[in-house]
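Here is the structure we will look at.
Letters A, B and C mark the chains in the order given here, with residues in each chain numbered from 1 onward.
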Amino acid sequence: MTQTTEVTSPQSEPTATVSGTGTVATRIIGIAALIATAWLVAFGLGFSPADRDQDESVRIMYVHVPSIWVAYVAFVVTAAASGGYLFSKRHSLGFDRVAGASAEIGALFVAVTLVSGMLWGRLTWGVFWQWDARLTTTALLFVTYIGYLAVRRLGGDHHQRARRSAVIGLPAVLLIPLVHWSVVLWRSLHQEATVLRPDGQVSMGGLMLFSLFVGVVAFSLIYLWLVIHRSRVAALADFADDRLLADALVARRHEGGADTDSNHVDMSQTADINDVQHPGGER
Amino acid sequence: MIRWRHAMMIARKDLLVEWRSRIATNQVLPFALVTMVLFAFALDSESVLQRVAPGLVWLAVMLSMLVLVQRAASLETEDQALDALRISGVDPTSVFWGKSIALLAQLLVLEVVLVAAAVVLYRADVPAGGIVLLVTSMLTATAGVAFVGTLYGGLAAGISGRETLLPLLVLPVVAPVLIGATRALESALGTAGAVTSEGWPWVGLLAVFTVTYGVAGSLAYGPLTED
Amino acid sequence: MSASKPTGAESTPVVDLDGVVAVLGSYPVLAGASLQVHSGEIVVVRGANGAGKSSLLRLCAGLLPVTRGRASVCGVDLVADRRSVATAVGLLGHSNGLYGDLSVAENIEFRAGLVGATADEIRAAMARLGVDGRLADVPARRLSAGQRRRTALTCLVVRRAQLWLLDEPHAGLDTAGRDVIDSVINDAARSGATVLVASHEHERSERLATRTVEIRGGGIFAADGRPDQAGNTGDAGERP
């Protein structure tokens, strides 16, 4: 975040230009993510064997499971950052931007989970969707974070956005245990609803387990890389808003008198305003 | 407790406004009944209707809740009464409880009518043994729904013209209530051979939800609505 | 005007704004407004539509966040905690904040109840503003603009705020109503309250004022056109 902190005070450095959001650290993470992804492709599609029951479709698991795992982490990060914003003394907007970025990418990964799960379901169960507890609650998780992202776009100033979304982003994380335990919860309450589970019956061989592990590493790196860039972009967007506000302020002060455009916050020296002062000059 | 007194004043005021304006009785209630009838048209099978009656009752409750919450929000923003409320020095927690209680009262009345409608239209049957479960689950679930509706309704009211956001925010959150309350109601009505004892665990789940949102709303209503 | 006016230096101002920027959406309604108002003053803020009068009052009531600058009202730092100022201020906003379906009396009783006013206080205030008797039972929706204004003002009177924030209080009122408002404002100031009135009806409001400031383009200036020096100017804008 070093690059963005220097530009957060618009007045002091109006000429600061930022050519990108990449730094040495993000480039290293990016390269590592690419390598890990290549490994995932090699192991997921090549080295790992086909499953005895599920045949080739088991390979979807190497995307499906890591993506939901990363999504969980992303939403926990959102909740932690929301808490950080709400409870820290400074109410730093950095927390808010990380929360937003993480939720966005978490939602993306849930979408990946849902789509890959549906494809897997079509191959294994013969249907895209099964009204089973885990699927239903995962869909719920997705919609909830879509709502969270909608709240972020409601407008108002940055701190209004941050406070509102933090208040929603913090408790939303409670859905994760619900999703996780839904299978258990559902079964205990509703016997007949035990159907195939997306993660059921996979007897993990060593190579399969390793492929899954590679997937987790690759997706975690991708997540990290995306979150860093996304929150930096958000910081730049906030900065751009501040710049617009600064321009709007100048324009607004012009309404008050043309010669007061330079030094407003301290308006003590401008004694030579000579436009209409008479009550009759009012509209 | 000054906070509790304020909450009761606000609840009384909300209910008084509803009583005077008759919007709830003249528009929301008929809306809910029309929904019930439309379900019957769409499904067009007595056995199916009987089977899904509990779900339809709760679906109608959820939809009516959205209408009631939007109505409560527009009441406060119409003449900017919300500003007056905000600067009267009343704790936001009191506002949250007052509005939740008013919404709860309206929803309960609505539910009595809807269950009666289900009996008439869908040939649902209320066995004597299920009454306790019926009342308990309805009270618990409705309190939860009222908390959620009030909390997000406050958010939508604070930002005028953003009411379209309300269903997106509220419906996913109340989905667990819809599931739990429907299962409990199925058990209470003995739908498709369900027995009463199966319903009680769901009431427990509903209670957890309701308490969670009661606490969450008490804490979050202020920060969510203060701009 | 008989209201005593403490000289700036020794007393803490009731309203103390310094370079306040406030934003609505992305539009800066206040663009570096500075103003000091001392206890017992009746300050009239005049300015064209859209100059920022209403926003200034809403900001003082804690309804609008301070984006930049320093602001304290009745000893509450609005930047840190704007909600706490609520108990000290009373606002008669652009809208009246009434529930159309409730009667005049019900509206007043609700608002008065929340601030803990007694039945006697309510009765006295209603009588003073002429919303008692038959009018009391009329739903607010069916009132005239002037009657609604009087009802809202009654709610404000029973509030007994330290700082009164009045947004165009004379709007929609007949002469008798305006006289009542003026006397209510004067009484408030005499009993130690501070009053900030936004108005573009100068004849009327400036007869009340102990000081007049002008708001233009979201900034505050003394009525003679100089940037307001927060009371240091002493007699700037003083009206008979």
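As a working rule, contacts are C-beta pairs under 8 Å (C-beta built on N, C-alpha and C of every residue); 3 or more make two chains touch, one makes a residue touch a chain.
In this text the structure is predicted, and so the values were computed from the model without any measurement.
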Next on the checklist: What's the contact topology between the chains, one of line, ring, star, complete, other?
Outcome noted: complete
Checklist outcome for this item: Relative to chain B, largest Cα-centroid distance belongs to chain C
Checklist entry - At what distance in angstrom does the C-alpha mean of chain B lie from that of chain A? => result 31
Next on the checklist: With centres defined as the mean C-alpha position, give me the chain B-chain C separation in Å.
Outcome noted: 39
Checklist outcome for this item: Chain-centre distance (mean CA atoms) for chain A and chain C, in whole Å, is 44
Checklist entry - Which residue numbers or ranges of chain B touch two or more of the other chains? => result 227
Next on the checklist: Using the touch definition from the top, which residues of chain A touch two or more other chains?
Outcome noted: 155-156, 160
Checklist outcome for this item: chain C residues touching 2+ other chains are 65
Next on the checklist: Applying the document's contact rule, which stretches of chain C touch chain A when the two form their complex?
Outcome noted: 19, 21, 23, 25-28, 31-32, 34, 46-49, 51, 65, 67-69, 200, 202-203, 206, 214, 216-219, 221, 223-227, 229
Item to check | Complex contact set, residues of chain B against chain A | outcome: 155, 159, 162, 165, 168-169, 171-173, 175-176, 183, 198, 201-202, 205, 212, 216, 220, 223-224, 227
Item to check | chain C contact footprint on chain B (complex, rising order) | outcome: 6, 9, 13, 16-17, 20-21, 75, 78-90, 222, 226-227
Item to check | chain B partner contacts - residues on chain A that touch it in the complex | outcome: 86, 140, 143-144, 146-147, 150-151, 154-156, 160, 163-164, 167-168, 171, 174, 178, 185, 188-190
Checklist entry - Can you list the chain A residues touching chain C in their complex? => result 155-157, 159-160, 241, 244-245, 248-249, 252-257, 260, 264-268, 270-271, 273-275, 277, 279, 282-283
